[in-house]
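There are structures below to look over.
Consider the two complexes below, in which subunit A is the common component and subunit B and subunit C are the respective partners.
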Partner chain A sequence: MTRADPDAGSGGDALTRPFTPGMASNDPGLAELTETVAGRVDIEIVDRETREFVEEWRNASYNCYSSGHKFCREVCPVMQVTRNESWTPTAFHANVVAMERGELDVADVAADYVNCTQCGACELRCPNTLFTGDFYRFRTRTVDVVKAVRALAVDKGVHQPQWQSWNARTDERTHEPVLGEVAVSQDTVRDWAEGLDIPVGGETVLFVDCEAAFYRTSVPRAVAQILQRAGFEFGLMGEQWCCGGPAAEMGYVEQAKRFARHNLDNWRSTGTRRVLVLDPHDYISFTEDYPKYFGDEFDIEIVLVVELLAELLRDGRITPSVPVERTVTYHDPCRLNKRKGIWEEPREILRAIPGLSFTDVDRVTQWSYCSGGGGGLPVEKPDLTAAISARRVDAAATLGVDTLVSACPWSERPLSAAGDARDIDVVDIHELLAESLGITVGGSRGEVGDRRSAGGCGGGSCGGGGGCGS
Partner chain B sequence: MNRTNGYRYGEQHTPPAPQRVSDVALTTFEHVYEVDPRLMERWVLQQTFPNWDSLRIMNARHDHLDWMHRHFAEKVLTGSELLAEVDAADSSPDS
Partner chain C sequence: MRIVTITPERLSTEQVDRVVERLRTVLRDEQILTSKTDRYNRARVPAPFPVHRWAERVPDLAVLPTSTDEVAAVVRIANELRVPIVPRDGGTGLTDGAVPLRGGIVVDVKRMNEIHELDLENRTVTVGTGINMLKLNEQLARHGLIYPDDPASYPCSLVGGRIGTSGWSLIGARYGHTRDLVLSFDHVLPTGEVIHVGDGIGGKISKSSSGYQLKHLFMGHQGTLGIATKATLKLYPQPEAELSPFWAFDNYDDAYRCVGALARAGVATFAGAVLFDEWKVAYLRRDDEAYIPQPADVRALVCAVMYGYEDEVRPAGRRLFRIAKEHGARYLGDEISEGDWAARHDRYATPLHGRTKAGQVVPMSWHCEDAAVSYTRVPAVTKAWHEIVAGLRRRTDVFDDWGMFAYTSADTGVDYLTEIDIGIWEQQLGDEAWELWVQAKRDIAAAALRHGGSISACHGSCREGEVDLVPQELGRGFEVMLDVKRTLDPNNIMNPGKYLLDLAYEPGAATALAALRGGSG
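For the complex of A and B:
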């Protein structure tokens, strides 16, 4: 503990004694001291976009660079598996400082910024967020800085080849090309709901992300049928496009805004006032990106399905009664736990499912867990995503579980691939809850999930009654 | 009847009326203390902070400190206990 000099009161200037800036009781001598705060470095940045970028992000970057805590390193999923110093949150901020001083331009470093899942662990674990962020209303902003650098790169014509192709195809199809060579389109975006008799439009609609709508269709089918079981009224979107979030994450901001505009206008056209969201990535888009794009105009209520289902459980509107004989642990999706602080409701749901043996890992430990499935990483660097997923499933394997439960469709494809090698099933929490409600879910659990469930349902949690893999 | 507990832009950007707790600090939500915003109008400006973000950080801080205590602290002392020890030491005949 630092102690003030006990003799300081009798001499020296006002800075000799500890003080809190702004307090009325401070030594009046403080007001007479010359400001010694370092000013800006006057280096002219000729390029307009770069200059505007630096002006916007310099303070956020110095916030990291001048602190140098580096608590971020060991919670960063990329750092954990690569140990590459150029791919750390620290480096991402230091580069901006270097750009301000004319030492770098975006073309020099754009490829480094691919190596981030935007999980938010570094931001949250940084003392500048965790211990002072709410006090100063000024926190570490790695995710925003990474997105801004990627956007600047795109503005300057510096593209990552897979991202460029992915976003061009998304723009063409209005949905992400999650099925590879198999086309996705407006004509098929509601195919997952076949036979469920869900109306289109209405005050409340269910928004289904591209991965769940086209690849892991068992998730939206589970959600829809649970809501129907509870008597919760909802419809499907009139003309749903991709939320635009992935384009924003990869730097294609104009496209992201155009997609957001379409979706907001479409909600308005069907009288929609409330949007149910089952995917954490969509939840980020609708509660962070859309508010930035539209400000006060954004008057749509956004409801996260996992929170709604926990509420329906509490209210007794759904009661899981079919035992699910699995030994599970829960994967906290980064965009729920780290970026939104949502971790209680999924556990509430899991603890309500009879038959389940649930070995929990607390939410703080899970700040350093990630599937590697976010931020466009699987598109540009699938091997790095696979390494991060393998590490996550290895952690689950140490618990002796047979199932890893997630609440994020985008995490479930890479985790399923990693789990297959360790004989661990990856199941979505909505699928699990539906099974416990006696619902035959149907749809697909994706390539790996379907194959494993076809061989005996991997312990019997695919919705029962022939629904799995159909 | 459908019940919801969702995000609404207007609510998120309307924090509770601040209560002053010192010359330089305010409080809004329970356990959330903030610097007087007038002190951040010159060198570093405050960021846009929806309510959920202030609450997320405050809650995460408490969870993190609990986690640290569980993992690294044999026992947890309050500040008042430590001060009592200091006072006791200062007033002892040997001090």
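For the complex of A and C:
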């Protein structure tokens, strides 16, 4: 097409001037233009559950799909170690768009969605969240999309073998099989508290399940003894089950809800109004999943222990005084820092411990750090978890520290293994605080932790429980 | 109208199996990806994409090599079996160099992200081309150094993609663009041979006059001449000071004159200036917290950025502030200036800003059309482009005008990267809308050429629509391109279908070219 004057406009209508769509003052001529082109091609999705899934998530995913910049990728812990574009937040959204178009179905995509720790880094780094989130009350929701795809897969009978077995055993034992062949059960769930004289039930209970209750028992022991030292009253749960969160993360939603129902009913039966939580994963379950399951019925106050301890510290109810001679950096657990925006209190606690040399790495840099221990990844792909942990410990090693402090029991097992290879101890923040309060913690710091503490038997944490194994 | 149409012959399942079998002799199984999701997620880039025809762009398989040798081995097999290769790096390009048009093997270089050598004395770093610039700079920061290649996609694009597209950098007026910053690189030719491209046998020479200067030839080819695998880059000291003032104007003309004066001032620390036109300011007012509070008489913006030592940047800043004031500028303050510059990479991709003309919020894909234009032609091109998009919007709400930026490309202010951001409602995209878009792209490219510019300053110009005008822009040079292509890629396996390069293998090329040159005005 050739026009006489190609730069000449077509005569000054409303579209030849800048305007803000939707303003009352706009030229009424705009309303007279009729749509002649747009029209989506609706693709019939026969399967009802898939159709409902797509209808729920299509726009959320499209907002990622249509964003030009994939800034999430280089902060994604899985992407950083696999460099596989199929396992990126952007792929997880693009697949939904492809499912909407009938190009892919859940059986095609399910296995890819294993490769996510649900750390939430991608959501924070997303320009949609960063730049327009406040105005539109919008936040990119990759974690929820991943959970929804996993749930749809289970719903459609598409299982990942290790997850299926893990959740079946959890269902059988009411606890995750964190000790492998060694059974976990109701009979042993309170063994970690041996000798601490904690009552059962009461208005406030300390919730301790799975990894903390059976594997890294030094964490709940540290917490319980610090609270006792501060004169803070609490009990243990009557019949303690797994929070159900991991099942929900792996797609076994019905099971997760059943576990949640049990726990809520059990709190009711002991007159419990307040639950203290030391595990960030449990904290997500209680503050995000349970309110979704139960709505207004869920009126239990949820208190994160690390926040409570910072408060006790401020109020002078505990005063760390025993110097802990370690050079440390802090690992922001993803579910605290990235998912919940909790990063100040742990640093407050660390700065209050005498003797520590603390090299901090800011919370935004830590968006790209992860232990790889979340979202069921270590169950299905332990090698990938190990690679992510190795990368995290490498970052700590460049700071010249001897200790990496975490605040999440699930992170501490893989990080300890990676730390061992670089001669870096992985210690829980509660363990460290207890030590500085002169408490002999006891319990087990896991296989690697116990072996390393046995080597020097430092830190006064080698008593009782799992003991100084090797 | 497409002059050249080639019916894409896709590989049969048996052929794909045979290719995979051969690839297994040079790669581990986990480096060869054949699942549907692996292929669907390597079919597109942020350039406008006909979502309704996604399946046509899906490759047959993808590979994740970890070394130059592995890339070369894959390419040799592909060349032998006559299977298309599509190089993919970040996959963040705004032209569609990384989109497979004929299936084949996507060679995804993301695993080649090692830092091979950091040479502090000569100030170079040698990296795998799969490394991202932000990640590289995290490592370099420990040594007080920076690799200053700064595209809008800085947090996710990769060094190899910057080479393949000959990238443009926001701070190029101070530090140069990708072509200046990449000293040399290893490159796998379409036949699988490996050559070292760049000045000097050791790879660390910035200026040589020995032989043909091949570096530029192997940059910006959009993957049609092979794959860069390992590159040596020029490093600078991390700047001690940054100054990035934003100024408001009550009219475009003053802002335009101001940006010209700032660029022409010859300040050594000047790294670039950006002009926001009235449409861009109106777009930002849709929701942006930074601009809603600005009074209605703010209609255009200019920002300039300076990098250097504190005692260089301070006086330079005073000079630029004086120039801005003489042109009627109102300084927006330190907070907006620092914050907006810091957010420069995040500002672009905001699908939530999409609107129908009536104001309904609809999720739109961000798209940006660019050109290189001399300073004196910027206003005319700006006007012509808005008119082209207005023409689209008269017919449909699939397209939305998100305004224009003009950026200085060089330190003297000779030319500008002009870009118009266009929202595209891909969910509503069908064949008719896609055709409208392709025609609009031709018109956008034609406007740039009419005003003595180039179709693209940074994205490349190989997409449907604009590509029809490349023979016109390059003139006889386009035939040289065809000759080079045929010589280096005798079997047309390297990213076939791009840049009209299929003509290199067509007996009727001369006629087709004559038609393109005659009929694209």
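By our rule, the second predicted complex is superposed on the first by the 415 of 470 C-alpha atoms of A that agree within 3 Å, B and C clash if a C-alpha of one lies under 4 Å from a C-alpha of the other, contacts with A are read in each partner's own complex, and residues count from 1 in each chain.
Going forward, a residue touches a chain if its C-beta (ideal position, glycine included) is under 8 Å from a C-beta of that chain, and two chains touch if they have at least 3 such contacts.
Bear in mind that the values here come from a model prediction, so they are computed numbers and not experimental data.
S.K.: Figure out whether A:Met23 sits in contact with subunit B (first) or subunit C (second), or with both, or with neither.
M.R.: both
S.K.: Between subunit B (first) and subunit C (second), which, if any, makes contact with A:Ala94: first, second, both or neither?
M.R.: A:Ala94: touches subunit C, not subunit B.
S.K.: Applying the document's definition of touch, where does A:Leu104 land relative to subunit B and subunit C: first, second, both, or neither?
M.R.: Once the two structures are laid over each other on A, A:Leu104 reaches subunit C alone.
S.K.: Touch test for A:Val182: subunit B only (first), subunit C only (second), both, or neither?
M.R.: After superposing on A, A:Val182 lies clear of both subunit B and subunit C.
S.K.: Examine A:Ala421 and indicate which partner it touches, taking first as subunit B and second as subunit C; both and neither are also allowed.
M.R.: neither
S.K.: Decide which partner touches more residues of subunit A, taking subunit B and subunit C as the two options.
M.R.: Touched residues of subunit A are more numerous for C.
S.K.: Between subunit B (first) and subunit C (second), which does A:Asn59 come into contact with in this model arrangement: first, second, both, or neither?
M.R.: After superposition on chain A, A:Asn59 lies in contact with both partners, subunit B and subunit C.
S.K.: With both complexes overlaid on chain A, does A:Gly341 touch subunit B (first), subunit C (second), both or neither?
M.R.: The answer is first: A:Gly341 touches subunit B but not subunit C.
S.K.: After lining up the shared chain so the two structures overlap, which partner does A:Leu15 touch, if you call subunit B first and subunit C second: first, second, both or neither?
M.R.: Second partner only, subunit C.
S.K.: Quick check on my understanding: which residues of subunit A belong to both its subunit B contact set and its subunit C contact set?
M.R.: Of subunit A, residues 20-23, 37, 59, 63, 130-131, 134-136, 138 contact subunit B in one complex and subunit C in the other.
S.K.: Please output the residues of subunit A touching subunit B within their complex, sorted ascending.
M.R.: Residue positions touching the partner: 20-25, 37, 59, 63, 124, 129-131, 133-139, 141, 204, 232-233, 274, 286-287, 291, 295-296, 298-299, 301-304, 307-308, 311, 315, 340-341, 362-365.
S.K.: Touching residues of subunit A toward subunit C in the complex: what are they?
M.R.: 2, 6-7, 9-10, 13, 15-16, 18-23, 30-31, 33, 35-41, 59, 62-63, 65-71, 73-74, 83-86, 88, 90-91, 94-95, 97-98, 101, 103-104, 108-109, 112, 125, 127-128, 130-132, 134-136, 138, 398
S.K.: For subunit C, which residues are in contact with subunit A within the complex?
M.R.: Within the complex, subunit C contacts subunit A at residues 33, 35-38, 40-42, 44, 46, 51-52, 54-55, 64, 88, 90-92, 94, 108, 110-111, 113, 130, 132, 134-135, 142, 152-153, 155-156, 278-279, 281-283, 285-289, 343, 345-353, 355-361, 363-368, 380, 383-384, 386-387, 390-391, 393-398, 400-401, 403, 424-428, 430, 432-433, 436, 446-447, 450, 521.
S.K.: For the complex, which residues does subunit B have touching subunit A?
M.R.: 2-10, 12, 22-25, 32-37, 39-40, 43-47, 49-50, 52-61, 63-64, 66-67
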